[in-house]
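These are the structures in question, set out in turn.
Shared chain: chain A. Partners: chain B in the first complex, chain C in the second.
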Partner chain A sequence: MTAASLLRRLMLSVPTLFGVLVINFVLLRVVPGDPIAMMIGPGATPEDIQNLREIYGLDQSIFQQFLFYIRDLFNGNLGISISMRQDVVELIGGRLPVTLELAFVAIVIALVGIVGFGITASMWKGHWPEVLIDAFSGFVQAVPDFLWGLLFILIFGVLWAFMPIFGRMDLTVEFDPATQFYLFESLLRGDFVVFASVLQHIVLPALSLALPLIAVGTRLLKSSIIEAMAQDYVQLARVKGFSHFRIVVSQAFPNALIPTVTLTGVQMTFLIGGTVLVERIFGYPGLGNMAIDAVINRDLPLIQGIVLTFAVMFIVLNILIDMTYAFLNPRLRHD
Partner chain B sequence: MTDSILVRHSPLGFVLAASPRTIVGLSVFLLIVFTAIASPWLAPHDPLEQDLLNSFLPPFWVSGADPAFLLGTDNLGRDVLSRLIYGTRVALTVALVAATLTGILGTTVGLLAGFYGGWVDTLVSRMVDIWMAFPAVLLSIVLVAVIGAGLHAVIIAIIVIDWTRFCRVVRAETMVQCQQDYVASAVTIGLSRRRRLFKEILPNILPLLISLLTLEMGIAVVVEAILSYVGLSVASDAATWGGLIQEGRLYINQAPWLMVFPITCIVVAVLGFNALGDGLRSTLDPVLRR
Partner chain C sequence: MRINSIKRLKKCLVAAVAVTAVSLSAAGVVMAGGKDSLTIAYHVGVPAWDPTTGLSSVNPQLQSIYKSVFDQYIDQNPDLSFKPGLLTDWGWNDDRTKVHMTVRSGAKWQDGEPITAQDVVWNLNRASDPASGNPVAGFIWASVGDFEINGNEITGTVKSYTADYFKWMAFLTGYLIPPHYYEKVGKEGFEKKPMGSGPYMVDKFERGSYVRLKANPYYWGGKPAIENVVFKFVTNPASRIAEIESGSSDLTLNIPFEEYDRLKDKSGLVGVTTPVSDIAMIFFNDVEPFLDANVRKAAVHAVNRKALVDRLLKGYGVPLHTLEAPEYAAYDPSIKVAYDPELAKSLLAESGFSPSNPVELTIQTTRGYLPKDYEIIQAIVGMWRKVGIEAKIDVYEVAKHYELRAQDTLAPAAFYNWGNSVGDPQDSTGHAMFGPSPHSVWDTDDLDGMIGPLWGELDENKRIAGWKKVSRHIADNAYVLPLYQQVQPVIHRSGLSFTPYVSNFILPHTMGW
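== the complex of A and B ==
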């Protein structure tokens, strides 16, 4: 992707982001029910309520509130959370790395799974590995995604209780983190006790996010590889005497990758969205878990901040996926 | 497969022509409908009745079970079986209402876009694109935050998020139908646009609609379960499958079975709806059936 087309791609995301801002703002201002009434004790006087309304800017017109909101946004100020009485930017800053780490591990598991299963199934097409992998992906796709986390809890947390099913790390492990990226930080510091604990806690939630992606991805990659195997260049490679393994991995696989990347890209946005629920199920202290609490508490500034953060994540992810196409498909590099 | 008019157009003929998948799906669907309607007679206890002396009773096959509580009791001593039975009511309500309304909205917009084309189509297609770029999770968070937790919020969220699913398919199918000879004949004999759309094209996409609708019911059951799991659906003491899972999650170490039963219900319901949807499509669609 050239600098110019990257810039154009970035410009395209501006209206999307603005749309998100407007929807986010307007929808949450027309909420029935007064957020101030919910945060204040029963003994409050009308003056107290009025004061709080002024502090949160709720006494202004909607349009003015929007202008203030945009101005504050550019100053990196997303307001104060109503339920937690803390700066929204700080709150999100503390939770975002947790979610990013989880999503990262999930995506790595998914990619390894897709490539591994996809290549294995097409290498042994018509034999038991293919049958087994097909059955696996059919089964995974039949069960609603959100149940995987719960099933893992039942299987690995209760039936064979050897995996932790709640939280981010053992509370008995001592760790004084400088960042919220526990997994990366403990690895970089060489603190393997912490690393092992964090890794143990991240595996099940990450796997529940990755599993549906593995199922869809494997099917597509397998059929693309099988399709690629019928092409002339594969015949040529056979004539040249390449081994079956080498033909699949070095000839068919790279050419079969683009449809899978397209699909995986789309599915990754589902994966990021899925963190909301998976974090809730595993008591994982990320952004999604906080989002649900924010909705339950009707914490408007916090909800706005979280929705905006997710929207930016989705936009960045889409740009990254576009760049990956350009990288994988030389034809797209010159547009 | 026999193809006589009689067989194809009688209920018995439908069952004969149906694939095993359709029959399994239909049985699950009818079972859910029956359970939901007959809940007060089927449930051995009041789903809200607490009996703190009998909390965490195990299901019948485990020793220490009380035969009065077949599937055991929860932390407050409420009968799990009765709560599951009453849970079908919420699940079925959401499945029927949300899927129907989603279908009506999506189908209307899709029909108009596919039939009229031109700027109508451009407008609708743009809207669908923008809609689908907005992740469902975000949209549902914002929606529930706006509307407030409750069954109506769940239904509205499903409609607002999923109408595009119907719209896309119906639009494409309408465009295909408009190219068919029978539509050209309808134009020739001077049928009005409205009659062409509703009397000619709509009946022809009906099989597709029915199968989409059934699949949507499965989705609706899952969405309701998710939202009641996180406490954003009906009031927390009401019996819903998602709510039961959430309660089970809290007491996972004392009573893992609390989570197993509602999960099973959801899986069976969703697989049933999906089987029915897939099966109906191949049974009702004359082209696929051949």
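== the complex of A and C ==
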């Protein structure tokens, strides 16, 4: 991807983001569920209700509210959360690293799984490893994503209770972090007790997120490798006397990566979206978990902030995927 | 060169796998249950710490955590009766134009500073200030003002008489926060490091995950028996069940009754069910077809409450005939509305309806918000169908219910759960049925005419008798369909002494190992 095309992509993302802002803002105010109606106590008077509307700026027209929202947005202000009474930027800033860290570990697990299973299945094509991996992929795809979390909780938290099923780290472990990236920070600090605890807690939610991606990616990688194995350059490698393993790994695999990266990239957006339910199930204090609370409480500023953050994440992710795609496919670099 | 790179990569991979494997095996799952600690898998998280303002302050489910950290002016016993909190004495003068309160001597905030009468007045004035964001500032807290202090004694002038003013001191938003600390750290600082005078201090709070509490050495009620308490915010019921089954938590609540029955029989676990101050009910709206008294009465007589409780809730519920639970001040056990489908049929026949020519209406309900809410409504719709009422179920979110109710645009029938942990009739029948209230659905002059004078009734006996008459009038005219009192299932580890509260509080300072 050239600098010019990157710039073009970035500029195109501006109207996309604005569209997200408008739709999100209007939809939230059109759908039923008034935050003030949820807040009023049994003895609240009409004056109490009006007063609360004024406090939260909901006494203005939707258009006026939107103008104030855009004005504040340009000043880096996403408003104050109605339910948490904290600055939305600060709240999202505290939770986003948690979700990013979880997504990162899930993606690492997914990539290791895809490459491992994909190469194994194509190496032993027609033999039991391929049958086993195909069956595994089919089974994983047949089970709804969120159910994996519940299944893992049952298996590893109750029946065979050796993995933690709640939270981000053991509550008895003391850690005074400078950032919210506990896993990376503890590793960099060499605090292996914290690292172990955070890693233990992240494995099951990350695996729940990674499994569907592994299933889809493995199938595609396998078929791409098998397709590549029929190409002339692979025949030439065979003639040269390369081992089967070397042919698969060094000749067919790099060429089979391009469609896999494309599909994996698309699936990654689903993975990020999947954090919402998985974080909820595992009590993981990320952005997704907070999103559900925000929706339940009709916390308009917080929902708007979270949706905007997810939109930015998706745009950035798509640009990164395109850049990776261009890196892997030299023809695209000259387009 | 390339071979060296591959070798280095291999070494790195092996090292990474080794670190991961060692890390995973090194850390074990920490089990709950030490003598000085208690872990509770709680069903909601704390969004905000100020217990007197904002959305969280009127969320009944958060009160257990607030009560662990903050004191209320007046406290409650497990049976809803009242007892001294930070106030040791309170009351009205004879003509109810003045109030008096006595602040507990020797009580301290969690930083060791003494709690003074000035602190109490600061809190009362703040609660009544509309700018503070207290959701009931006007109706409750502004009803008394012009406070005067004399040592530990406070007197105030009644601006508009509210009979349950003191009961609200044990209810939603009736908490005290330390003025000196709040003014020093501000609103945002308080949210980050809250402080009160309750039995526990906030030791560590991870938003959306847990709060760790430490016993307050300055607590006027004595240091709690359990030193460390963790409320884990486990919002998913399946995860709460896993928490207690795996031994990661010592106590959990709000789980499906089927799971409760299974868990209570497991070795090492104890189950406790308590009827709590939450009432499942169906609001009737004063729109067609419920303007026809025969239709309303038929809709009430056709419902078999006992069958609903026995079959759908596995017996975990108390059938009710009014909006007053047995523990409430104005409960009248003599008010009964018979289950009589034949009577229902004849009433409908008087209005020209029958099972073959049913009256049609819409009933709104949540699905999954309350135990078996949708199933209960399905069953009621089935009971109604047999007598000649054809109801269409409209499922909505609870947020929509609040909005529609505030606008008085609910469907003719709407399922809801009404909580009232102080048991005063004003806070159940009153606000639910009095037309001008933003929470009422049925608005007719006959009922408003009966309820109106009760708000200002000074004689407590007359007031309670008046509310009983209102309940009877409502039952006779079928203005609402009360269903049952909810039951709270709690599972805890054996060895833990747990005190159930009708108010649905889970209070660690009342527990011990």
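Convention: the second predicted complex is superposed on the first by the 315 of 335 C-alpha atoms of A that agree within 3 Å, B and C clash if a C-alpha of one lies under 4 Å from a C-alpha of the other, contacts with A are read in each partner's own complex, and residues count from 1 in each chain.
FYI, a contact is a pair of C-beta atoms (placed from the backbone, for glycine too) under 8 Å apart; a residue touches a chain by one contact, two chains touch by 3 or more.
Here the structure is a predicted model, which means the values were calculated and not measured.
When the two structures are aligned on the shared chain, A:V158 is found in touch with chain B and with chain C.
In the superposition on chain A, contact of A:V239 is made with neither chain B nor chain C. By the touch criterion defined above, A:A178 reaches neither chain B nor chain C. Using the contact criterion defined above for the overlaid structures, shared-chain residue A:T269 touches chain B, although it does not reach chain C.
After overlaying the two complexes on the shared chain, residue contacts for A:L52 are found with chain C alone; chain B is out of touch. In the overlay built on the shared chain, the residue A:V143 is in contact with chain B alone; chain C does not reach it. Of the two partner chains, neither chain B nor chain C is touched by A:M11. Once the two complexes are overlaid on the shared chain, A:A3 sits clear of chain B and of chain C alike.
In the superposition on chain A, A:Q200 contacts chain C only, with no contact to chain B.
Residue by residue along chain A, chain B and chain C are tallied for touches, and C comes out ahead.
32-33, 150, 153-154, 157-158, 165, 280-281, 292, 296, 298 are the residues of chain A that lie in the contact sets of both chain B and chain C, per the superposition on chain A.
Taken in their complex, chain B has these residues touching chain A: 130, 133-138, 141-146, 148-149, 218, 222, 225-226, 229-232, 245, 249, 252-253, 256, 259-260, 263, 266-267, 270-271, 274. Interface of chain C with chain A (complex): residues 19-20, 22-24, 26-30, 39, 41, 45, 47-48, 50, 53-56, 58, 130-131, 133, 135-140, 162, 168, 172-173, 187-188, 191, 206-210, 212, 230, 232-236, 238-239, 242-243, 245-248, 396-400, 402-406, 420, 426-427, 431, 437-439.
Residues 16, 19-20, 23-24, 27-28, 30-33, 142-144, 146-147, 150-151, 153-154, 157-159, 165, 269-270, 272-274, 276-277, 280-281, 288, 291-292, 294-296, 298, 300, 303, 306-307, 310-311, 314 of chain A touch chain B in their complex. On the chain A side of its complex with chain C, the touching residues are 32-49, 51-52, 55, 81-87, 91, 94-95, 150, 153-154, 157-158, 161-168, 170-172, 192-193, 195-197, 199-200, 203, 280-286, 289-290, 292-293, 296-299.
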